[in-house]
Amino acid sequence: MLKIPRIIKARPLDQELGFGKHLTTSGRMMNPDGTFNVERQPLSRWDNTYFHLVSMSWGRFLLVILLCYLSLNLLFSLVYLGIGLNQLEGLQPGGFWDNLYGVYFFSTQTLTTVGYGSVHPIGWGANLVAALESFTGLLAFALITGMLYGRFSRSTAKVVFSPNLLISPYRTGTGLMLRMANARKSELIETEVKVLLTMNQTDESGNLTRRFFALPLEISKISFFTLSWTVVHAIDENSPLWGFSSQDLLEANAEIMVLVQGVDEANQQTVHTRRSYTGDEVVFNARFKPVVGRNTKGLPMVLMQQIGAYETLH
Amino acid sequence: MLKIPRIIKARPLDQELGFGKHLTTSGRMMNPDGTFNVERQPLSRWDNTYFHLVSMSWGRFLLVILLCYLSLNLLFSLVYLGIGLNQLEGLQPGGFWDNLYGVYFFSTQTLTTVGYGSVHPIGWGANLVAALESFTGLLAFALITGMLYGRFSRSTAKVVFSPNLLISPYRTGTGLMLRMANARKSELIETEVKVLLTMNQTDESGNLTRRFFALPLEISKISFFTLSWTVVHAIDENSPLWGFSSQDLLEANAEIMVLVQGVDEANQQTVHTRRSYTGDEVVFNARFKPVVGRNTKGLPMVLMQQIGAYETLH
Amino acid sequence: MLKIPRIIKARPLDQELGFGKHLTTSGRMMNPDGTFNVERQPLSRWDNTYFHLVSMSWGRFLLVILLCYLSLNLLFSLVYLGIGLNQLEGLQPGGFWDNLYGVYFFSTQTLTTVGYGSVHPIGWGANLVAALESFTGLLAFALITGMLYGRFSRSTAKVVFSPNLLISPYRTGTGLMLRMANARKSELIETEVKVLLTMNQTDESGNLTRRFFALPLEISKISFFTLSWTVVHAIDENSPLWGFSSQDLLEANAEIMVLVQGVDEANQQTVHTRRSYTGDEVVFNARFKPVVGRNTKGLPMVLMQQIGAYETLH
Amino acid sequence: MLKIPRIIKARPLDQELGFGKHLTTSGRMMNPDGTFNVERQPLSRWDNTYFHLVSMSWGRFLLVILLCYLSLNLLFSLVYLGIGLNQLEGLQPGGFWDNLYGVYFFSTQTLTTVGYGSVHPIGWGANLVAALESFTGLLAFALITGMLYGRFSRSTAKVVFSPNLLISPYRTGTGLMLRMANARKSELIETEVKVLLTMNQTDESGNLTRRFFALPLEISKISFFTLSWTVVHAIDENSPLWGFSSQDLLEANAEIMVLVQGVDEANQQTVHTRRSYTGDEVVFNARFKPVVGRNTKGLPMVLMQQIGAYETLH
């Protein structure tokens, strides 16, 4: 049974976020890693192949490439077997597996353009297939080169966020705080952050609806994001979170979305990243522990593993 | 015979679109896919080669590459034939076709740098041509690599639009509606849409002229274009479409252009796309059917094939 | 002897262009192709190598690459000669030129990784050099691939400008006009143009100084630059060109700079281009001839070769 | 012992720079080359590999690539040795070093896909390893190609700054001046510069704290950065540097940061660069010597080596 959420007086956002107003699911809209809980049926099977290949993990990518190499090679091997071993000088015909073994490695030598020459084609058919295979091989490696560079140049910011939002003492009251740092070696400059709150509210007719609020921040843009950054929303009377308890957040199915944008100096491009927090990831009455230490040269060092470290207050 | 179009009181655009005012063709200015009905005479034959090669379909691109490979290879083969087979160790001179067959496959082995070695050059001429051919081969594959990456990195948004504009009930009146969704796996953020109307109007002197109008939208920018988006222009007294019938649209040779701009998160670039509708693609008194279903995990799923599905109202 | 230029009442630009105020050369600042008449002493010889390689003409680029290939190959050949032909199986030692001929083509087969194998290294030295040479070859072709893609992806707008500025009848007076068109197949959108005038003026102390003026345009931004665009500056009382004769322009050493900026849809990047005109390229009392014809399908076609065609008026 | 810094009346910056307020180190925040004196502990060892490989010097990059080639090759050689020389036709088994020598160069011929064929695999094991090695070789060169292009396309502005800031006579008073020029052949357009001052100040409670000030500039944006640019901050009553001596700057541990942003015409991208100066790099009562000469054609030439040349005034 849905509890009636706390009524608040803060004004919801006019600007649409693109989620619609009627989507009051019990789950979250945005996953912690910033992807959305929405599926878009692809138009065709090949539609997103390039996107998948450049966004999957390196291990998986190399495995996919290796499997393609081995299967493509097998395919050509079967064609050579069909044409007959008498068109490949240097191979002695034998049983099926012996023949396959022979043509398979001739095929790898052709596909990779090694071409030792100890086995080589002597008939029309085998020569034609070998010509196409070496061409295919070069084309495939041109494709792989393109995809590798595509993987390198995907300019995604890698910002590490604290796993929790804290409600900490701030000035004379409290503030909602999150901490983040740039995990890349290249600098992020002109970095901006926006924090959005979405939760269930009853509208003027008393019906439950989904509302969105922008949470004003103490500092929302910095020139150099070289140290860690503690983003602070002061919870004063104008805040939509004013007077909220942990229970209120859960009952309203609250979700807090953090949107970060900056210029990555490695390639001078504007990059975007984001993170989402649900009500159970908000810790009340806690404070972040220091995250900046000193390295062996005495320079400030951001301790990435400590980004979320906090202590509770009594 | 040109009918006198309906006179409207909405103000035309001051800002130029670039089409000029006197272009009152009976056909459309923009094709449904967003290209323009204008040809620009190229300055030279090679001017747009790269553009064509990266924008043609994959099937056609691979065919062009294959044909280039086969013809380039034939060209080198003819040079070897001219030099004479006595400069190629491993080939037995014979009839013309036998000789061509021999050099053709020696040539493929050189162009792709397989180089089995069963045939190899032994004289000055053949050695020189082989040196140039293998160099040409590597250069050609470097070119292909560049073009493949060019194809991958063309950051075009792939937005699917409803094939029709609908005039649907909206609030107390009606609205012009179109529906669109992002067909790519990568997210589009900060997406903006503009809708322009162009139609024939009589100017103050009573002459027929082409006028452009911006149609104000209920929501023209969304942060996350992750679901489908129904773009709505309310047809009230200030709308240039106020009181228009289907017949009026056709007589004014109306064309409605939808311009979409957003940031593609795959490469963090701003992308543009557009679509055009003519009067006969506007359906009066109809309503879009739902386009968001649930996938097997219970998450919202945008059904791309349904993007244009509508029902007529009685 | 410097003539006193016409005194005008239009206000010069506050914003600096970067040319300084004291640079009153008799020549032009900007060449017709948009490059500047300024040299910047490079810090080192290699500093601009990449820039030169990606910006030179295709013919020259291919020549440079070919010469590098031939010389690099010669270099390795001389190393093999130094090591001795007894380390290369398949070559018969002979006179110097015979030996060079032999190792030169062995070297090309190694550098391009063809490796027929009819000649192959058998000693430590030759094996080591061959290992380094094939590595160098692959590295060099990786470099060339990078440069080829760099050449492709240099997103320079190719806007064709009329070779002359015209002073044509415009409304009740005259206007300064230039015509331009996009010579690329890919569309330019959101195109903006600025026109700047620079000329010698006497300052309040009566000294000759260089002044810059922005010339206001009738339309300075268009959404779609798909047809040709006639850019118009109305010469009214507020124009710095009000009342100027051809002679006045020459005496003031006037230079008119046209700066164009737009988004190239091929790669969705903002591109810039520009052109400069001196006083002797301004034609008084003339009018552009039509530049848009119809192609065989009846669609408008921009006739690029006609972009500057004009007729004089009597 | 920390001296009490001069108290000034200029207003510090509201906008955060990202350095925090409490960081009053005695050292500098930004190094002269624009990097920061902050370390960010990486999350994993491989995290910044690509960044390092594309940002290290060319000499070091080539060395790293060469060492990878030689070690990868050694690794495969040891595998072949483990499999046994009887699987490699063309090698005579001998002592360990003789065998290693033999397989090492067979391995280079496979990794680079030269494949002379004088040595070639004849057993399952060697064939399989050779198939994987040639695949690895192609993959590695695809990776190198990607990295080479990544190195080329890193669009970093190369702006040369004067090594010193000068306090020079300016109008009726003095000004803080720095000189800079674009060391690249490609033009920088729409170039903007910001100058920030940070120094220790006592806050209202009398505690030492770090304050940031923006220094207003006479000209902060130029259209064409084709000549050198002398950036000037007038030291008037409103300047935070009003009345400062060299000693004051040192005692306040002052640091002046210069941030430059422009559009590089080579690839039409916005690029950023910066430089930092400490108090001991500020020269009082000096003036820059001319930096623009004439080349042999009589055109203005920026003498890069002279960018910091100044003369002291008495």
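A, B, C and D label the chains in the order they appear, each numbered from 1.
Here is the rule we use: a residue touches a chain if its C-beta (ideal position, glycine included) is under 8 Å from a C-beta of that chain, and two chains touch if they have at least 3 such contacts.
Note that the coordinates shown come from a computational prediction; the quantities given were computed from them, not determined experimentally.
Enquirer: Among the chains, which is located farthest from subunit A on the basis of C-alpha centroids?
Expert: Checked the centroid distances; the maximum from subunit A is C.
Enquirer: Over half shared numbers or under half: where do the identical copies subunit A and subunit D land at their interface, same or different?
Expert: Different, since most residue numbers here occur in only one copy.
Enquirer: Could you give the separation in Å between the centres of subunit B and subunit D, each centre being the mean of its C-alpha atoms?
Expert: 39
Enquirer: Averaging over Cα atoms per chain, report the distance between subunit B and subunit C in Å.
Expert: 28
Enquirer: On subunit C, where are the residues touching two or more other chains?
Expert: Within subunit C, residues 109, 113-117, 145, 149, 153, 269 contact more than one other chain.
Enquirer: Okay, in this complex, where on subunit D does subunit A touch?
Expert: 15-20, 23, 25, 27, 36-43, 47-48, 50-52, 54-55, 89, 109-110, 113-117, 120-122, 124, 127-128, 130-131, 134-135, 137-139, 142-143, 145-147, 149-150, 153-156, 259, 269-272
Enquirer: Which residues of subunit A touch subunit C in the complex?
Expert: The contact residues of subunit A facing subunit C are 113, 115-117, 145.
Enquirer: Could you list, by residue number, the parts of subunit A that touch subunit D in their complex?
Expert: On the subunit A side, the touching residues are 62, 65-66, 69, 73, 101, 105, 108-109, 112-118, 141, 144-145, 148-149, 151-153, 160, 181-187, 189, 191, 219, 221-227, 229, 263, 265-269, 295, 299-305.
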